[in-house]
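Which chain is which? They are A, B and C, in the order written, and residues in each are numbered from 1.
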Amino acid sequence: MSLAPHLPALQVVLPLLTAPAAVLLRSGGAAFLLVTAAAWGAFAISLGLWQQTAGGEVISYAIGNWPPPWGIELRVDRLSAFVLVLVAGMAAVVLPYCRQSIEREIPRDQHYLFYAMFALCLTGLLGITITGDAFNIFVFLEISSLATYVLIALGRDRRALVAAYQYLIVGTIGATFIVIGIGLLYLTTGTLNLADIGTRLPQVSGERPVLAALAFLTVGICLKLALFPLHQWLPNAYTFAPSAVTAFLAATATKVSVYVLLRFYFSVFGESLVFDRLPLPGIMLLLSLAAMFVASAVAAFQDDLKRLLAYSSVAQIGYITLGLSFDSQSGLTATIVHLFNHGLTKGALFMLAGCLVAVAGGSGLARLAGIGRAMPVTAFGIVLGGLSLIGVPGTVGFVSKWYLVLAALEKGQWWLVMAIVGSSLLAVVYVWRFVEIAWFREPPAGLPADRRLPLSLQAPAWLLVAATVYFGLDASFTVGSAAAAAEQLLGMTR
Amino acid sequence: MSLASHFSYWVTIFLMVAGLFIVIARGNLIKKLVGLAIFQTSVYLLYIAPGKLIGGTAPILAEEFKVYSSPLPHVLILTAIVVGVATLALGLALVVRIRETYGSIEEDEILAADLADGETEAGR
Amino acid sequence: MSAMVLLAGLGVPALGAAGIAAAHRTPNLREGVTLATAAALFACVLSLLPGVLAGERPRLTLFEVLPGLDLTLAVEPLGMLFALVASGLWIVNSLYSIGYMRGNGEAHQTRFYVCFALALFAAIGIAFAGNVFTLFVFYELLTLITYPLVVHHGDDKARKGGRVYLGVLIGTSVMFLLPALVFTWHLAGTTDFRAGGILPAGLSDATVVGLLALYMFGIGKAALMPFHRWLPAAMVAPTPVSALLHAVAVVKAGVFSVLKVAVFVFGPEMLAGQTAWLAGIAGFTIVAASVVALSADNLKRRLAYSTVSQLSYVILAVAVLAPLSLVGAALHVAAHALGKITLFFAAGAIYTAAHKTEISQLDGIGRRMPWTMGAFAVGTLSMIGLPPAAGFVSKWFMVSGAMAGEHWLALGVIAASTLLNAAYFLPIVWRAFFRPLSAEAAAHPHGEAPLPSVIALTLTAAGTIAFFLWPDVPLALARQMLGAA
């Protein structure tokens, strides 16, 4: 029996099985090895799936051999394969980093549970991306969310508990909205298979429940992806979670939510319903612009590096949804490529921030004064990541910005071009705030003399920094995949 | 089509709004969770009620049963209930830990304590 | 073969930077590496010259970033001229830096030399850029790499200057240059520099003017008003930085880009009749900056505003569009570089030897520092445009071009600014040689600046005169640029 046809199932099952195994092992070290191996396995599988779907074919896998639409279907197309590569790849890079990072932030007797939760979170995120069943999305969403709440609560600051609680409330409301939307779709079409709903929706006579479903889903998903002004949960969660968790979540969780949004908009409801019947593009455009400007401005006033980066994430999500609101090939390419690029950048930035925290003992900017002189290499990495947030050529941020500006130009909307480039100037402000604090102030006396960092903290972070530069110089993989995925998505409804 | 024939929807909507209102309006962390549970419960009803046909039974393949209620919503909601219970359990566990470290489960008191934390950290 | 030399032009300064960093423990070795790198780079660039003069146009595509958008190096006469100036003056500047940095006991010297080498890396990248995209990449790189040099002193003043520097340069390039670049790509499907321009014919006037405005204001390094503030702000840097970067590499990268875009993206034909507004703004910048310079007492500030004014000569010449003006503009890139670096060297030498920064303190200093002030006088002549200095040659062509094009506004501006230049530079020379020493200065005796610095400024002064006497090579390059166009 060959494993190749079962890759879609293995993609989810592999990390899923390691979670209970990690709990049974009751040893941090063994759990670490197991989950890391599973993450790398998942990464390899995702690359395999990406390769299989690159030509445009769609892999459909019937779980338990129950044919869709009756059974649950796993469905991989270009977009889902691309997101799978991002999620599994980030897990594979962040996990080696976890070992030393949580050593400093989480009591040792909880380590094996940490890895179990991490594996569950990964399972959930991969599951959301790969499933072709609407209710299944909700289930995987809750698996990843519940694991995420626990991971955030493991932060050593007591405020992590409150952050986790707040995220639990907001996240559950979001998930419930999503399940209401799915329920309404189910009631009108009688099926839960996404593709099947998509084909049946045009024949539905009453439009109102469908529009209500669209509204519920949009709000619910936007809560999860932290679209301004539904982002309130995000800054606290990112600030107080353990550094490794923040790096993983910032790179993947909101991105997967974007994927869900794209999936529902283009594969289920169809472009004409979403973009013509409701004023959604206009609303999304305004909210995206608000995110880009307000969140960037707020980021410039933060006193904590992780919180600054968290607000920057809210702003960058604005870019992602802005591309979506254009409803064009270039705009959608920008959305998908920025989803990947921003994942890389923020993953790198939060990991490097974690390195600083490991030495300085906290991420408050007051603690990090003069850190550029004390730890020049790590601080320089943060500047590199910051340049990508700004969109300087030679970094991935530039590639994303290029397509966003191009999409705005194709629509002939110059004011939007100016808004896009203008908001990146706000990124200059918050990145340079860090630069000035890190280099123009004297290092505090309390900094430990031994500032060497273990390789396992530095190597994964620098791997991602290198990736932000590499994919900024040679964007054939990212842009190629994103453009092809956008084409496939648009082709579904046109 | 009358109000009465759709009464299950009205109940659903009432529970939904009531639950959401409690989550937003209450400052007590436990009460918030109660509201959240009510909110989730409304969804159970949203799924289950339309699946029931009057006079229908469980899908048993036998001569005397002709009218079936759809079993799928029940299965789905069974899953949703499990998720809801897990969420509630985790939420309560978090509240216990919050109570241990902050000595309070009132949102305003906790936020005040957080603010103080933030200021000591910034060194002001 | 020459394509490999192109790559070496980028590789040498990059490797040099690594070598300098590696030699940080032994200052003598480190400075040796700097000088050797500078010499090697100049040799590289020089080896390309005969081929380019003979009509060769080496081209090398490094890699493709996005489909249809690649990093490409290509040499044409104008880029050749800029590369020659930048790499040649780097040698002299390194010599000068050694004297200045040691004489003033500056800190972080390794970082200084590393960033310098990297700045040259970016400048060469700009000179050899084969398309607007490559130009943009190295342009941004140059801004970022020079930031540590500008804020070298690391104090509050440096931080504020750095903010303005970065804010204006990044701001303009992101706000205007990036949209211009994407728009060019959107319109033309390519960003390559090609003789005669790449934009499709039949664009509306509004589009051409709008795009030109985006480019002209987007290239903030050309310091067109109102985006000139970064230049005086960057004067917080140590003088060698001001000298090389803000008289040669950075500002010349700006006007070089302006020329490149005008000639090779739009093409003179497309611009005909569309540039009256540009001439107006450039003319205003020339006069207004001269007036500000007139009232500045700080020597470096006066030089900075003089640079703002001189840069707009090039933009004005572009706006005039006559072939002779464009030749003049290309020559001015080189001529002004030689003259202005001499002036900055002199200002730095005065600071090193006498710790004077204000013009009013310079009474009688020429008798104590005859070499320095002699070189300063030569630089002054070049700025005003008098023989026997380089500035005369370029101005000659620009005036001829304006006459040929019957562009009276340009002629008026050039005439007025020549008078203003004389008014703000000649008094310094007069003061230095003919006014008696002040009592305060008499109490603090000092001699010339350190020897390497004096050698450097003498060399550039000699270069300024040599440019006047033998302008053949730059002139040939400038003419070829048009021949190609």
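In the analysis below, contacts are C-beta pairs under 8 Å (C-beta built on N, C-alpha and C of every residue); 3 or more make two chains touch, one makes a residue touch a chain.
Remember, predicted model here, so these are calculated numbers, not experimental data.
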- chain A to chain B, fewest steps along touching chains: 1
- Whose Cα centre is nearest the centre of all Cα atoms in view? A
- Maximum centroid distance from chain A, chain identifier (CA atoms): C
- Task: Give, as an integer number of Å, the spacing between the C-alpha centres of chain B and chain A.
- Result: 26
- Would you kindly tell me how far, in whole Å, the mean C-alpha position of chain C lies from that of chain A? 44
- Approximately how many whole Å separate the CA-defined centres of chain B and chain C? 68
- Task: Provide the residue numbers of chain A that touch chain B in the complex, in ascending order.
- Result: 135, 138-139, 142, 146, 149-150, 153, 157-159, 161-162, 164-165, 168-169, 172-173, 176, 179-180, 183, 186-187, 192, 303-304, 362, 364, 366
- Given the complex with chain A, which residues does chain C contribute to the contact? 63-67, 69, 71, 133, 136-137, 140-141, 144, 151, 154, 156, 158-159, 163, 166-167, 170-171, 174-175, 178-179, 182-183, 185-186
- Query: Within the complex, which stretch of chain A touches chain C?
  - Reply: 387, 390-394, 399, 401-402, 405-406, 409-410, 414, 417-418, 421-422, 424-425, 428, 432, 436, 439-440, 472-476, 479-480
- In the complex of these two chains, what residues of chain B are touching chain A? 16, 20, 23, 29, 32-33, 36, 39-40, 43, 46-47, 50, 72-73, 76, 79-80, 83, 86-87, 90-91, 94-95, 97-98, 101-102, 110-111, 114, 117-118, 121-123
